[in-house]
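Next up is a structure, given as structure tokens.
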Amino acid sequence: MSQPEFKYLPKLRKKLFEVVFGTDTRAGKLFDIVLLWAIVLSVLSVMLESVSEIKERFGYALFISEWLFTILFTIEYTLRLTITAKPKKYAFSFLGIVDLLALLPTYLTLVVAGGSYLVVIRSIRLLRIFRILKLGRYLREASVLSNALSASRHKILVFLGAVVTLVMIMGTLMYMIEGGESGFTSIPRSIYWAIVTVTTVGYGDIAPQTVFGQFVASALMLMGYAIIAVPTGIVTTELANAEKEKKESEAKRACSECGKSGHERDAVYCKYCSAKL
Amino acid sequence: MSQPEFKYLPKLRKKLFEVVFGTDTRAGKLFDIVLLWAIVLSVLSVMLESVSEIKERFGYALFISEWLFTILFTIEYTLRLTITAKPKKYAFSFLGIVDLLALLPTYLTLVVAGGSYLVVIRSIRLLRIFRILKLGRYLREASVLSNALSASRHKILVFLGAVVTLVMIMGTLMYMIEGGESGFTSIPRSIYWAIVTVTTVGYGDIAPQTVFGQFVASALMLMGYAIIAVPTGIVTTELANAEKEKKESEAKRACSECGKSGHERDAVYCKYCSAKL
Amino acid sequence: MSQPEFKYLPKLRKKLFEVVFGTDTRAGKLFDIVLLWAIVLSVLSVMLESVSEIKERFGYALFISEWLFTILFTIEYTLRLTITAKPKKYAFSFLGIVDLLALLPTYLTLVVAGGSYLVVIRSIRLLRIFRILKLGRYLREASVLSNALSASRHKILVFLGAVVTLVMIMGTLMYMIEGGESGFTSIPRSIYWAIVTVTTVGYGDIAPQTVFGQFVASALMLMGYAIIAVPTGIVTTELANAEKEKKESEAKRACSECGKSGHERDAVYCKYCSAKL
Amino acid sequence: MSQPEFKYLPKLRKKLFEVVFGTDTRAGKLFDIVLLWAIVLSVLSVMLESVSEIKERFGYALFISEWLFTILFTIEYTLRLTITAKPKKYAFSFLGIVDLLALLPTYLTLVVAGGSYLVVIRSIRLLRIFRILKLGRYLREASVLSNALSASRHKILVFLGAVVTLVMIMGTLMYMIEGGESGFTSIPRSIYWAIVTVTTVGYGDIAPQTVFGQFVASALMLMGYAIIAVPTGIVTTELANAEKEKKESEAKRACSECGKSGHERDAVYCKYCSAKL
């Protein structure tokens, strides 16, 4: 290749990088919006394919569109890999792995049949929508949420352990009380019923018929009613803590020019005197 | 028109304004109560019309009453438009738009059939009840609630995004596991099942029958159980913040006579020394 | 009557008062426990009478026992009225009215048939159990709970108003979408379905069958999922406030002897130096 | 026995104690993990035995494996009793009682038939898993949870009392309204329905059919919707208190060397200067 081309390439690459990875430029925003619509349509076409009447009538069109979208996304993935400066970092990032996983199912159907529904994994790519909206705001909120959830994971594990032990014992008890007639045909099935009941889902496909069984079930329901308060209490307390910490860290961040505090963590300029923080 | 009539008209208009828009005078209160009962009766008559036995017996009476109420509300709407000083402001206010929407369905039935049930939109007009009760108190509480909800909208959107992605993936998974026999006939229907399950509604019209399906469903239920803690935690935290801010703003509002603070935001006189605030 | 009898009567009355109304003496405690068991047995016999197999076999015994209990409670009620110094105050107190209402149903069956099940109102008398347990402690907790609920009643009314409007509109919408085939036979019935769904009860006796109906139902469920966070948030905030106020009022109550604070509102002696507060 | 053996025995006992009760050494950890898998497999085999197809094919193998596990756990229990210095303390501790209860069901089958399913009580032994994970952390969280729950037990009892009274009255009411046709065949059954409804489980095996019954049921659902807020509020408030107290007690615990506070309750060394606390 000649020298000019060498000069030209980095420019094109930079331009492409702005379009594909960026969201600030007009072209970058447009790229993201088109991509989102492509993801929506591709996920939608997989879903519609599973409806038998639609598959009979539009099966071929849906088959074609699925391959078109897959080829499109393959090009996009290759592009992302080639134009980023650190292809490894992208390939092993959360979004990078999801991008790859979203391609595989369609190619898999060439080898094994029936895997095409896995394409629904593409819906995770829809989380890209938060990039188009005011990204920072949502990421901040999501990080408050995930911090709170991760701070409460020990408590929630203890709680889940207690719930699992409870449903195992109550399920076995109900199996012994009700016997096979009212749907409690085995212990695993009775445990499934206990989970359906304690979480207040209550399908009703399995329900106690004997008086004593209904009594035990009532006790389990009232327990479930009280138990649901526990994870709520845990998450609320941790969320309140996370909010407080966020506020305190904002209160600590003072402007070196005017001395006023209360700047958000990702603010770059002081909101009172516009000095750089 | 003669001069006296010109003088008389503004007076009548003012009087009418007090009756129609005001709630302080005896006549204004009476007007609001009569209006509320008219709305209740009109909504009730639409509902009863949908019960086939009642329609057969009282169909004609209900038809007449619907038109009577509609004409009554049309007169009221015209009156409101003519006597207010700013008809445009009223017409485009929330209550003004609802008042108009509450009229349209009946007139629509002259053109298209079957639209008459839309009259149920009149039930939004029942919110006028808060005007008759101590208005300020309820508006204040409603504003605390809506502030808290609007402050938590980013977190709730992030949360809803995660829930939607979860039900799409779990729904597809269940479609692949269960197949069409136990009701999981298509992916959209399986996603509908996943929503019914994760929100703990649990109709039971679609329920997993295979052991593995029940295992995955149990996992989804326990997830739903933990997930429901998140919006509760968000709203509770924001409500506590909103309450705190309300108290702080009340604490800041001091009486210039006696110096005592703690006056509610809409108080006009000091509650300790009766001086005007 | 002779003079000695006059002297004797107030003593007997005082003694009886201690037994019937008091809980501190041995006899008073015993009276309360016997009474509670009588209430439990009487409510239980009414319940069992409704089970047809039991009524066939033990109908006569249950009929006799119901009259025995009623006569017993009538004697108790008359006793309470005569020995208390303020019969009017007792008769119109909450417990007094419940005591009277618990008698009436059985006498009513002499005039009208079928009213005997109203005897179940006696179960409210079971709340007397809190008198036997450490009374003060539970009354205090109950008052914290009821204060919190009453402080949040304006917010909860606003919230219930919004929910009622929502279910009316969604119910009508579903009636228009689904038609009568899948159980949505009238608007009132559809509103009943909307309440069953938004509260996440989900019986499944009425469930949408069309794709669009399931889509609207899913939206309603997700709304119900978010909406349930609101009353929880309200009650939690108010409970936290009530707890805080209780603590503050305890912190204010200082002993005049040793100066230490933190005494509970109903404490009579200082818990650090035993001086009377 | 000779002198050397006497010397040797305490050493072996100490070694065994480390393996059986300890979790710090490599052997102790391995022992716990093997034990956990044995518990899991043993509980699983009991569950599978209840599935009729599996029992037919693998019944004998499951029977053998159950006895093998039981003999294994009997040896383990005897070992624990003999090597600990205080056998009585272990035998009457929570874990000790559970260990014994986990053995009995299998031996019981020698005398009475059908008791073998009680073996599921072994699942409580799975709580040993928290010993293998960072024990202290989970015990601390579990103690925060149980403190909060025990602090709120008075409020929760008052609440449960109110709920039980409510379902008894509403159940009877629905029995009187609906009669036996739609499943409300007796008062106990109607009370069971009321519990199923108020806890938002909603099986749908019993559901009101009359218009008035559906109206009363709707009221009960909306009540249940508001009522569920109460235990959540109680637990959240107490959890927040427990968290606060934990932090305050950590804030009070200062290092005597560097003076810094904020050490967790079970910390042995200062995390800032490594001095012993």
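Note that the chains are named A, B, C and D in the order they appear, and that numbering of residues resets to 1 at the start of each chain.
What we mean here is this: contacts are C-beta pairs under 8 Å (C-beta built on N, C-alpha and C of every residue); 3 or more make two chains touch, one makes a residue touch a chain.
Model, not experiment: these values are computed from the prediction.
Novice: Roughly how far apart in rotation are subunit C and subunit D when fitted on CA atoms, stated in degrees to the nearest 5?
Specialist: Subunit C sits rotated relative to subunit D by 90 degrees.
Novice: Indicate whether more than half of the residue numbers at the subunit A-subunit D interface occur in both copies; give same if so and different if not.
Specialist: Since fewer than half of the residue numbers are used by both chains, the interface counts as different.
Novice: Taking each chain's centre as its mean C-alpha position, how far apart are subunit A and subunit B in Å?
Specialist: Computed value for the inter-centroid distance: 31 Å.
Novice: Quick one: report the Å distance separating subunit A from subunit C, using the average Cα coordinate of each chain.
Specialist: Going by mean C-alpha positions, subunit A sits 44 Å from subunit C.
Novice: Multi-chain contacts only, two chains or more: what residues does subunit B have there?
Specialist: Within subunit B, residues 188, 200-204, 228, 232, 234, 236, 240 contact more than one other chain.
Novice: For a test of understanding, state which residues of subunit A touch subunit C in their complex under the given definition.
Specialist: 200-204, 232, 236
Novice: Name, in rising order, each residue of subunit B that touches subunit C in their complex.
Specialist: Its residues touching subunit C are 43, 46-48, 50-52, 114, 117-118, 120-121, 123-124, 126-127, 129-130, 137-138, 141-142, 144-145, 148-149, 156, 160, 163, 188-189, 192, 195-196, 199-205, 228, 231-232, 234-236, 238-240, 243.
Novice: Over in the complex, which subunit B residues touch subunit A? Could you list them?
Specialist: Spelled out, the residues of subunit B in touch with subunit A are 154-155, 157-159, 161, 165, 168-169, 172, 175-176, 185-188, 191, 197, 200-204, 207, 211, 214-215, 217-218, 221-222, 224-226, 228-230, 232-234, 236-237, 240-241.
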